[in-house]
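Given below, in the form of structure tokens, are the structures.
Look for chain A in each of the two complexes below; its partner is chain B in the first and chain C in the second.
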Partner chain A sequence: MDRLWWHFQQLLKIDAMNLVILVIVVLIGWTIISETIPNPARYLPSPLAVSLSSVDMLVKGLLPSYYSDTLVRLIIGSSIGLAAGIPFGLLLGLNKTVADMFHPMMNFFQSVSGIAIFPIVVIWWGNSDTTVLAVILYTSFFPIAFNVLSGVREIPIRYVNAARTMGASRYQIMKDVLFPGAMPHIATGSRLSIGFAWRAVIAGEMLAGRQGLGWMIFTGQDADRTAEVILGMVMIGLTWIILDHYLLRPIEADTIERWGLVQR
Partner chain B sequence: MDDGGREVARARHCCNEIIITGAAMNSMTPKLVVEGLTHYYPDEYTGESVHALEDINLELYEGELVSVVGPSGCGKSTLLNILAGLLPYKIGTASVDGNVIHGPGPDRGVVFQEHAILPWRTVAKNIGHGLEIRRVPQAEREKRVQEFIDLVGLTGFEDKFPHELSGGMKQRCQVARTLCSDPVVMLMDEPFAAVDAQTRITLQEELNRIAMATHKTILFITHSVEEAAFLADRCLVFSARPGRLKEIVKIDIPREQRNWTNMNDNAIFISARDRILASVREEVSIAVEE
Partner chain C sequence: MTTAVGNLSIAVQRRFGRQRLRKIILGSIPFAVMIAIWHANTVFDWLPPVFIPPIGDVWEAIFFLQEDCAGFVALVMLDNSCLITTHVFSSIGRVILAAIVGLPLGIAFGILCGMSRTLSKFLEPVGVFANSISGIAWIPLAIVWFGVGWVTTLFIMLNTIFWLMFFNSMLGVRSVAKVYEESVLTMGGSRWDVIKQVYLPGAMPSIITGMRMSMGFGWRALIAAEMIGGDSGLGFMIFTSAAEFKIEEVFLGVIFISIIFMATDKYLLAPLEKWTVERWGLVWRPT
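Take a look at the complex of A and B:
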């Protein structure tokens, strides 16, 4: 346990150093480009201009409101998507015939991306919050459900048989064998799901929303406030990195790496 | 023990009428009974079926360790899977303690060839899994788990995960898990086939010690004639496919005397081993000719 913690800290240190260097290089490059092109305020505002605009948005309270809107949508949407998708995949996986039957269908739906279903959802519910939420749910549900189903199919049958010979019920098999056994796929699936949901939130807010970071980027472009557009983009990327590093990675380290299901 | 009762039970059994009338007779009532068991595997592609087992009859008595040897593909694993309840059968009957086998159940514990301990559970949690499934209270569970961890020599490894164990330790863990559920019959399918020769010898001696200590009824499938003769009270030799019970070799050596330093000089062991070996060889040559 101590050793694990030590590794974790080392990882943080190296990551942090690399990140700082990378950020500085990007900022310098960005500043140089923006200083040399004509009309930078329209085409590529400098980091300083973006920071000033973010201070301005902060003071006005717009940024926190947009940001929290987007985050709440993401959290609600992908939580429901995961909470429904994981048990769905496990249940399908319980029975081999059912699993084989559903596999191609799930594969079909997970490949039709969120953006591609947007038009049809807009036809159903117009430019509303319902539309945005529906697209988030769709995009987060299928990747996780499909991955869990694939994961369950790959669990060696002898693990299930071992539990059966000890008298395990179907529910106990699901809880003690299928769920942990599918954990590597649940991890990848969750990452995909949340990643897709994140894109869907932004796209949804641009196309059908009235609020949020997507909306901020969209109106920024409309009103020629390029600094706001870039600010929105930076916020999107940063949020994802933080989410990945402080939520998804530790969950993986605590489960599949500890159980020796993946080597790192 | 009441010898008169035994005799009566034995006599009754000979006439194929096993009636349990009192506790005294329990010890001579077989724990596991297989009668007329025949099995075909259907082949979905060719439509032909594979005839795996033919008219198997056998009985396992309490505290007995019976080994099964036979050429590869003669249906040993098929028999074990049927007894474990993992493979449905149509012809013949199999029962444990008088209950006909219809599916898996905690009255039969299985040790698989490839270790089947769960990678996401620690050694202790794996061993206690059967008790957990049966909702045995935690305090009692932990006590029993520790007892079996000590019995199989895994003390100090309670909190390790399977990927941190050697192959031999994984098999010890599997044996402990099965014992911990306290099944009526323990079914083992080539449990030591995947470990190195040195570890295998140790594991055989350990299983002998465990059989002595727990007095479990064990059906032990193996490829190794030496192993079968070393461990078994009776060794069943199967014919080439379809598997029939060809011969039963008795090995009357007290468990206390069974260890690898003595056995190679033990006349009973040597004659039993050679007998089994000759019998299996015959079948293997038949299997090869086919």
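Take a look at the complex of A and C:
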């Protein structure tokens, strides 16, 4: 909490003025462009129109409901993915041979993007919430598992041997050597997999037609309500900035500071 | 006989290296097991072929899709009769086009904006914001602007690549110590010299990392864009095949997508990154 507050103060101290000027410049430029092009309602609604549509959607209660749908999906999907992926990566990393064995396969699965397996999943479960959840789970599970596995593999074997010489059990090795050693990779991997999951949520909602921010911008385009599309994009961007810059990045930096500088 | 096998084994080990050979063999075991389970599924009928296609069907789908191809000219001209090659090449073509246009543009703008500390401080939030909505969130707006087609997919990929490159090279330039720039200027170097001798090498590790990242994110965004707003490419192919419940074509497309991405990343981008970090990365930074 303290750290979040500190970040907030830093934001106010240095960037606030710059940010205000920047936002004003962007809004003016946007308005000028939208005034000069023909048919702005379709191609680029002015900031005023976008804010009016946001008021409209807030009054109708659509925006909060879409927003919470998307967030709930992200939180459920990525927390299950992380909770399953971290132990899985650690377990695979316990044994060097097993780790070498599964490394290429995990690499293969983490480079198949979740969006690419969407058509397969849609055949299995149709356009349902299960499909979206499965895609999010897939996208959040494999990057974290792969990163943890890589992290465990990079721990020098002499640390494990040292612990073993002193009579540590398998569980103790995992708890005291592998887990702390893989900590920076766990933090980086979590950020990565939540990032991929966020994109997968948006795309999954668009493709599967489940209510949420992605669905909002997709139907907005279908129904010629471009103001809603831009509103949705701004919301998506702002949410990710808040999530990434004020939550995940500080956590990652702290973790690397605390656990990362192990002498190799 | 045994000596012949032994000699061959030693020759193979010398050629590939013992450790690497061990890794290759070990690494292929899970794939073999996976393929065996996949095949067993067909043999024992655990899941119906509508859900998991037989391996043979996936292999035959290549020839089925390529069946009507009217010779080499049609293949090169990306004719719609040669489905597989047309979709693969149009995806790869878009990647290459977006890389050729987007990477230099992003790097150039990034370096120019990074040169002025004030300007870059202003533009940093722009980069952060653009990066957080880059990719798929632009697809609906791109469809409004350009309609469904290759322009939309190219735009999505370009957008993703450009902002990542812009942001990374800007931060890279900003991280170069001012001492170097000043010393080149003191010795009578021009602005161009500073760019060439200081900024570009100094920002190189950051640029190459950004390049690898942008290709990864760009490829993912491209597949999504082809599904939603495209009319050709691998993403389009798997999406339309799924709509017709031709799951063997979907599997084929997914395998192609991952193989293309992994090959590019492993044999082009990762070595490039490693080489750059080794060559340019360990610049001494005054504290």
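One rule holds for everything that comes next: the second predicted complex is superposed on the first by the 231 of 264 C-alpha atoms of A that agree within 3 Å, B and C clash if a C-alpha of one lies under 4 Å from a C-alpha of the other, contacts with A are read in each partner's own complex, and residues count from 1 in each chain.
We take it that contacts are C-beta pairs under 8 Å (C-beta built on N, C-alpha and C of every residue); 3 or more make two chains touch, one makes a residue touch a chain.
Just so it is clear, the model here is predicted, and its values are computed rather than measured.
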Who does A:S113 touch here: chain B (first), chain C (second), both, or neither?
second
Between chain B and chain C, whom does A:L62 touch in the aligned arrangement: first, second, both, or neither?
neither
Where does A:A203 make contact in the superposed view: on chain B (first), on chain C (second), on both, or on neither?
second
Please indicate which partner A:Y43 is in contact with in the superposed arrangement: first for chain B, second for chain C, both, or neither.
second
For A:G237, is the partner it touches chain B (first), chain C (second), both, or none of the two (neither)?
second
Please work out whether A:H245 is in contact with chain B alone, chain C alone, both, or neither, and reply first, second, both or neither.
second
Per residue count on chain A, the busier partner among chain B and chain C is C
Examine A:M166 and indicate which partner it touches, taking first as chain B and second as chain C; both and neither are also allowed.
first
Could you please specify the touching residues of chain B with respect to chain A in the complex?
84-86, 103-106, 108-110, 112, 114, 116-120, 129-130, 133-134, 161-164, 177, 181
Going by the contact rule at the top, pick out the chain A residues touching chain B in the complex.
156, 158-159, 161-169, 172, 176-177, 180-181, 183, 255, 258-261
Please name which positions on chain A make contact with chain C in the complex.
15, 18-19, 21-22, 26, 42-43, 97, 100-105, 107-108, 111-113, 115-120, 122-124, 196, 199, 202-203, 206-207, 214, 217-218, 220-221, 226, 229-230, 232-234, 236-238, 240-241, 244-245
Which bits of chain C are touching chain A when the two form their complex?
22-23, 26-31, 34, 50-51, 121-122, 125-126, 128-130, 132-133, 135-141, 143-145, 219-221, 223-224, 227-228, 235, 238-239, 241-242, 245, 247, 250-251, 253-254, 257-258, 261-262, 265
